[in-house]
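Have a look at the structure below, then the notes.
Residue numbering begins at 1 within each chain, and the chains themselves are lettered A, B, C, D and E in the order written.
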Amino acid sequence: MLFVGRHIRKTFGQRRVLDLERFALEPGRIHGLLGPNGAGKTTLLHILSFLDRPTSGTLFYDGQPVDFQSQNQLRRLRREVILVDQHPILFTTSVEANVGYGLKVRGVPKTKRRRLVEQSLELVGMRKFLQARAWRLSGGETQRVALARALACSPRVLCLDEPTASVDVEHQIALERIVQDIHAETGMTIILCTHDQRLAAKLVQNTLYLFDGRASRSLYENVFSGQVLTGEDGVSQCQLGANLSLPVSCDDATHLKISLNPKALELLEGAAEPHPDSRYWPGRITQISDAGKHIRFQVDVGLPINVLYKKATPELDKWWIGRETVLRIPSRAVHIL
Amino acid sequence: MLFVGRHIRKTFGQRRVLDLERFALEPGRIHGLLGPNGAGKTTLLHILSFLDRPTSGTLFYDGQPVDFQSQNQLRRLRREVILVDQHPILFTTSVEANVGYGLKVRGVPKTKRRRLVEQSLELVGMRKFLQARAWRLSGGETQRVALARALACSPRVLCLDEPTASVDVEHQIALERIVQDIHAETGMTIILCTHDQRLAAKLVQNTLYLFDGRASRSLYENVFSGQVLTGEDGVSQCQLGANLSLPVSCDDATHLKISLNPKALELLEGAAEPHPDSRYWPGRITQISDAGKHIRFQVDVGLPINVLYKKATPELDKWWIGRETVLRIPSRAVHIL
Amino acid sequence: MQFFLDSLRSAFLLIREMDPELLTIVGVSLKVSMSSTALAALFGIPVGFAVAMARFPGRRGVITVFNTLLAVPTVVIGLFVYTFISRRGILGSLDLLYTQKAIIIGQTLLVLPIVATFTISALSRIDTRYRKAALTLGANTWQTAVLVLREARYGIGAAVVAAFGRAIAEIGVAMMLGGNARGFTRTMTTAMALEYDKGEFVLAVALGVVLLSISLAVNIILNLCQGRLEK
Amino acid sequence: MQFFLDSLRSAFLLIREMDPELLTIVGVSLKVSMSSTALAALFGIPVGFAVAMARFPGRRGVITVFNTLLAVPTVVIGLFVYTFISRRGILGSLDLLYTQKAIIIGQTLLVLPIVATFTISALSRIDTRYRKAALTLGANTWQTAVLVLREARYGIGAAVVAAFGRAIAEIGVAMMLGGNARGFTRTMTTAMALEYDKGEFVLAVALGVVLLSISLAVNIILNLCQGRLEK
Amino acid sequence: QDKVLKMSTTTSTQASGLLDVLLPAFKKDTGISVKVIAKGTGAAIRDGQDGNVDVIFVHAKNREQAFVEEGYGTKRYAVMHNDFVIIGPNGDPAGIKGMSDAQKALENIADAGAPFISRGDDSGTHTKEQILWKSSDVALEEITKTIVKKGSKTELTFVQPAQEGDTWYFSIGQGMGKTITFAEEKQAYTMADRGTYLKYKLGRDAGLDLTVLCEGDEDLYNPYGVIPVNPDRYPHVQYDLAKQFAQWLVSERGQSLIANYKLLGKQLFYPDAMPNVN
């Protein structure tokens, strides 16, 4: 295992934003670190790249516990793990100097450095900005240069925090490719935070899903916040959209986050005989996409909800775009986060 | 017309990053400002929200030319147009004070202000962060608070620069909803920059596509950079992916951006009789989605390419996920940007 | 070493006995240097703000001039003010020379460039996005200024603290314009200079220690205020 | 007004005649204040950096102490150094007193807190992301420091300029430790103080004008250097 | 209503502690408090010329007389004198110990090339020193500066022994105390007023490593005068108070206080208005 965390906690003031009992990240894989805003993804990435220390707990890297007090050890470790920040900052020099920085501090000679810099800029399509003033670049350009800056150092582990957030469509595809290629060629371990489900679906091999600082088993699909209302019959309902509600058994909260397991959901043709354990929401198919062994349907029931079916399932192709359907939500599909 | 621009240009140093002969934005609509990184979107938004002056040219707002020298006029106009920045900055105060700022400078009394602040925070799902230190929030939280800060002022025009870049899936959907609802309720004019095609497709009513600072007629789909290679036969080919190329007539450039009109592309079953004017790329269907009057197919030919078919087209449903196809690219579908 | 021990003990004695003369001197020093710091802040911060924010030709020239004014010797300021307020000067009839007001005027001029320069330097580091955010939310020039100054509060605080330090520690202006008149315009520093002139080195350093204690106290108070602001 | 015109014309005369004594004085002033500024930068910037970047208990206390040290009067520094380097002091055998070296030592101590405090203030405004970016790219402590200092170069530049201004304009230390010996340790400011004591106000201000011209020249040069850095 | 008199004086009167005896007594007798502005002789006289004070109390007889002649002051009251001494290192390299002829002593110092510290600040002491050099047979150089005053060029001159080869004459432009300290540090000769010398010799724990080598010459007398500023020139000055102060100083009361002022057991000042007061 490359990274193992035991009881990793991070507290800011009163608030505990990270609280992971145990996690382990294998080397040579693309790990997805997913979760809603404020889940602690960035915080964890900063710890994994040795830029921040956990408030308590032990982080093992390559089997060795990391001593966050020892600047020497940290410096050595940081040479292996590079973080590309969510809002990366470029130094107030040229793009070339920025991308060459990691190489320069590693003592790479000038000519070789120049070649490597040009190569990585070429990769992200920013070659012609070599001499531009880095701190004046546009949002997406900045993000791409920051990625190039990390790639130039060929680290062992690359932590990417929302690498495509402001990147244009063309380069989103390109970056996806780059990450895939580099991973395939060099076996670099990649830890990726993203809210882009397509990117995650395409790249991620292992997923660590964070919710409220804790690891969660959800698949980070179909996550919605809802308001808990207790009806006259004493049954609590979680109100999701305008007229969607689910019965929930937890009644001490007024607000809940709920996730619906996309593999446990079912598409029905018209109203079937109602099962007391299920909810039935009418909707329309809006998107069908390839999800490896599965096919993902997006059903618009007021909220867009993803449903996964095994590709082998018979008669799937009747669910064409625009087709009316009834979504069956068995209670076992509902997870309260 | 709400905004009319004539010969709007913006130069930074030697570089002209914006050069628009003429554009006009109608009031009460959702305008999409699309284009690749560095196209000048942010630059234009800053001009439209009166935060930056064009190097030359005249901007008309509500039929009146804007005098960028007159601080008084600018101040008055800025009260009507609010920009939510690409990387919004929150003041180093509480979230409440941040969101209330626009109201405070407008002289809204305290109690009313508090109510409005809570309302807008509720909208973006950040109500419980009312007292949090705004400058410590996570990426997505920051973006949502910044949106709430703008919404609280109920401006006449709202300029949104990548409003969902780091926002989680749940809130992306929510924001989409909010924008739609507000627009429907108040008729607020919205100018939206985004790289999220789904969001753009869903919300945008009029599109202004920018490329290299100039307005372009492309639809901002299927945009790729390619390298121009001139073969032995003297015909220039634009190399797109590993083994995809298109003949191009322009030969003075070594790098090109090309856009393929998704409505001019065709899906074929197996190799048809080759037409000299077309290219044929084999691929597989990976995604099918609803695009209003059209259905959008995503075909993986090495690059993901979008194809739009009218919904009424017969026998569309044979193009199921995973199905092999041949993509026909007639030369009229190819635009050099 | 004996010398420093003596000085420290003398300083301690001076403080413990609450020598009334010492109290007067301390009072004059504090009053004068605080007033001049306040005045300098009142004028220097807006000036610094204007220079930092405005974009006009010759802006760098103005900054260079301010930097140069950091090097105005107290003698020049002393004589400059002297020329105006001495009996023969334009303001002679106001009878300002050798009063605390005269010291305040001189020290204000002395520390004004400090406040202005460091305000400029603090503001120029503030991201322009703060300004733009305030503007787009509808703030007028004044409100924007307040906001940006708030964001730069640590830097500006440092400038004001430095100005205070300079004012309370300076001798030239206090001596030339105040005249070191016992009970009227004798400040800690002019008192020190006098003791030094008399050869009473121990007493001079003891007064210096008292001065430093007082300015430490002032700084601790400022620091606490800043701590509260931060919340 | 006559007085200022006289002073300006005298300053002009002094400069035009290239009075050899004036040249010596200017030379001493520049040498001494530049040396002490350089030394103060050499020690003050690293100290400021360490305080700004480190997170240790009592850090705010340290900053408060630095702020307080801004208010150390020249008499105290003068006497402090005097005690060490006078013939009776520990370093008496080095025969430093009343040499330019003595002034340099004293002025270095005087402006060190200025450099340190404003370095702290400039650095604390620098986004921690710069530091983290350098660290994650593999920079060691030293390389990170260089990078962060580079990002804070305007603020630190302002600190050094202020320190130079303070050094070249200060009188107390130069007088007490240098002794104002004509041809050896007479600086522009001690020469001015002397002329003032003599009642030769015109000459005093004329010297002040010369001093300001020189420090303007120095600042213009610094500004040009900074302009080149910016590119 | 407090009566406050403004007085400019030289630092020596203040530093010697004499004023601390005189002014409280004066206040007790007349109810007038005195606001003392102590500075260099030149600056103190200048204060009077500019009308910034009501009275001046200095020691530079020629310039005081000029001050009265030019109409700035009404009258010079001769108050007291003290005397200068030539002090030097115990080793006495110039061999002037015991001499009473100041001029001769200086010549010896110049001949020996022994270091000599001059105040060089145009003070009374410096003026006196220059007079002594001028009357000696030591080769002198005249130093001239041209400045502009009231729109026309004026020359400022002073003299000092010509330096050839090694420098031995240091002009430091500082007050008496600092000059003595400087001389001690450099183990040099200097001319000092007796009050300051005694203070440095006996008034401090560390003492002073210099001794009096030449004293008693009439030429070394150092007279102090007090002059009220002329109300004809500056109507705002408090001439009545100033005159009262001057007259009080030359009265028996003032003179006896001066005669009886002792620093460390030694008399410092000798009354001039009533030399025989007890």
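Operating definition for what follows: a contact is a pair of C-beta atoms (placed from the backbone, for glycine too) under 8 Å apart; a residue touches a chain by one contact, two chains touch by 3 or more.
Chain identities (UniProt): A, B = ABC transporter related protein; C, D = Binding-protein-dependent transport systems inner membrane component.
Everything numeric in this text was worked out from a predicted model, so none of it was measured.
J.: Quick check on the contact network: minimum steps from chain C to chain E?
T.: Steps on the shortest route: 1.
J.: Would you pick out the chains that touch chain A and also touch chain E?
T.: The common neighbours are D.
J.: What chains, if any, are shared contacts of chain B and chain E?
T.: Shared contacts of chain B and chain E: C.
J.: Any idea which two chains share the most contacting C-beta pairs?
T.: C-D
J.: Name the chain whose C-alpha centroid is farthest from the C-alpha centroid of chain B.
T.: So the chain farthest away from chain B turns out to be E.
J.: Cα centroid separation between chain A and chain D, in whole Å?
T.: 53
J.: Give, as an integer number of Å, the spacing between the C-alpha centres of chain B and chain A.
T.: 23
J.: How many angstrom lie between the CA centroids of chain D and chain E, rounded to a whole number?
T.: The separation of the two C-alpha centroids amounts to 35 Å.
J.: Can you tell me which residues of chain C touch two or more of the remaining chains?
T.: Correct list: 196, 201.
J.: Out of chain B, which residues touch more than one other chain, so two or more?
T.: 87
J.: Which residues of chain E are in contact with two or more other chains?
T.: Chain E, residues with two or more chain partners: 39, 178.
J.: Name the touching chain pairs, please: which are they?
T.: All chain pairs meeting the touch criterion are A-B, A-D, B-C, C-D, C-E, D-E.
J.: How about chain C: which of its residues touch chain B in the complex?
T.: Answer in residue numbers: 127, 129-130, 132-141, 143, 147, 150-151.
J.: Along chain D, where are the residues that touch chain C in the complex?
T.: 3-4, 60, 63-65, 67-76, 79-80, 82-83, 114, 117-118, 120-122, 124-126, 152, 154-155, 158, 161-162, 164-166, 168-172, 176, 188-189, 192-193, 196, 201, 204-205, 208-209, 211-212, 215-216, 219-220, 222-223, 227
J.: Which bits of chain D are touching chain E when the two form their complex?
T.: It comes out as residues 2, 5-7, 9-10, 13, 17, 19, 21, 86-88, 97-98, 175-176, 179-184, 186, 190-191, 193-194, 196-203, 206.
J.: How about chain B: which of its residues touch chain C in the complex?
T.: Contacts found on chain B: 46, 49, 51, 71, 75, 78-79, 81-83, 85, 87-89, 91-92, 101-102, 105-106, 149-150, 153.
J.: For chain E, which residues are in contact with chain C within the complex?
T.: Within the complex, chain E touches chain C at residues 6, 11, 14-15, 17, 33, 35-39, 50-53, 175, 177-178, 181, 196, 199-200, 203-204, 234, 236.
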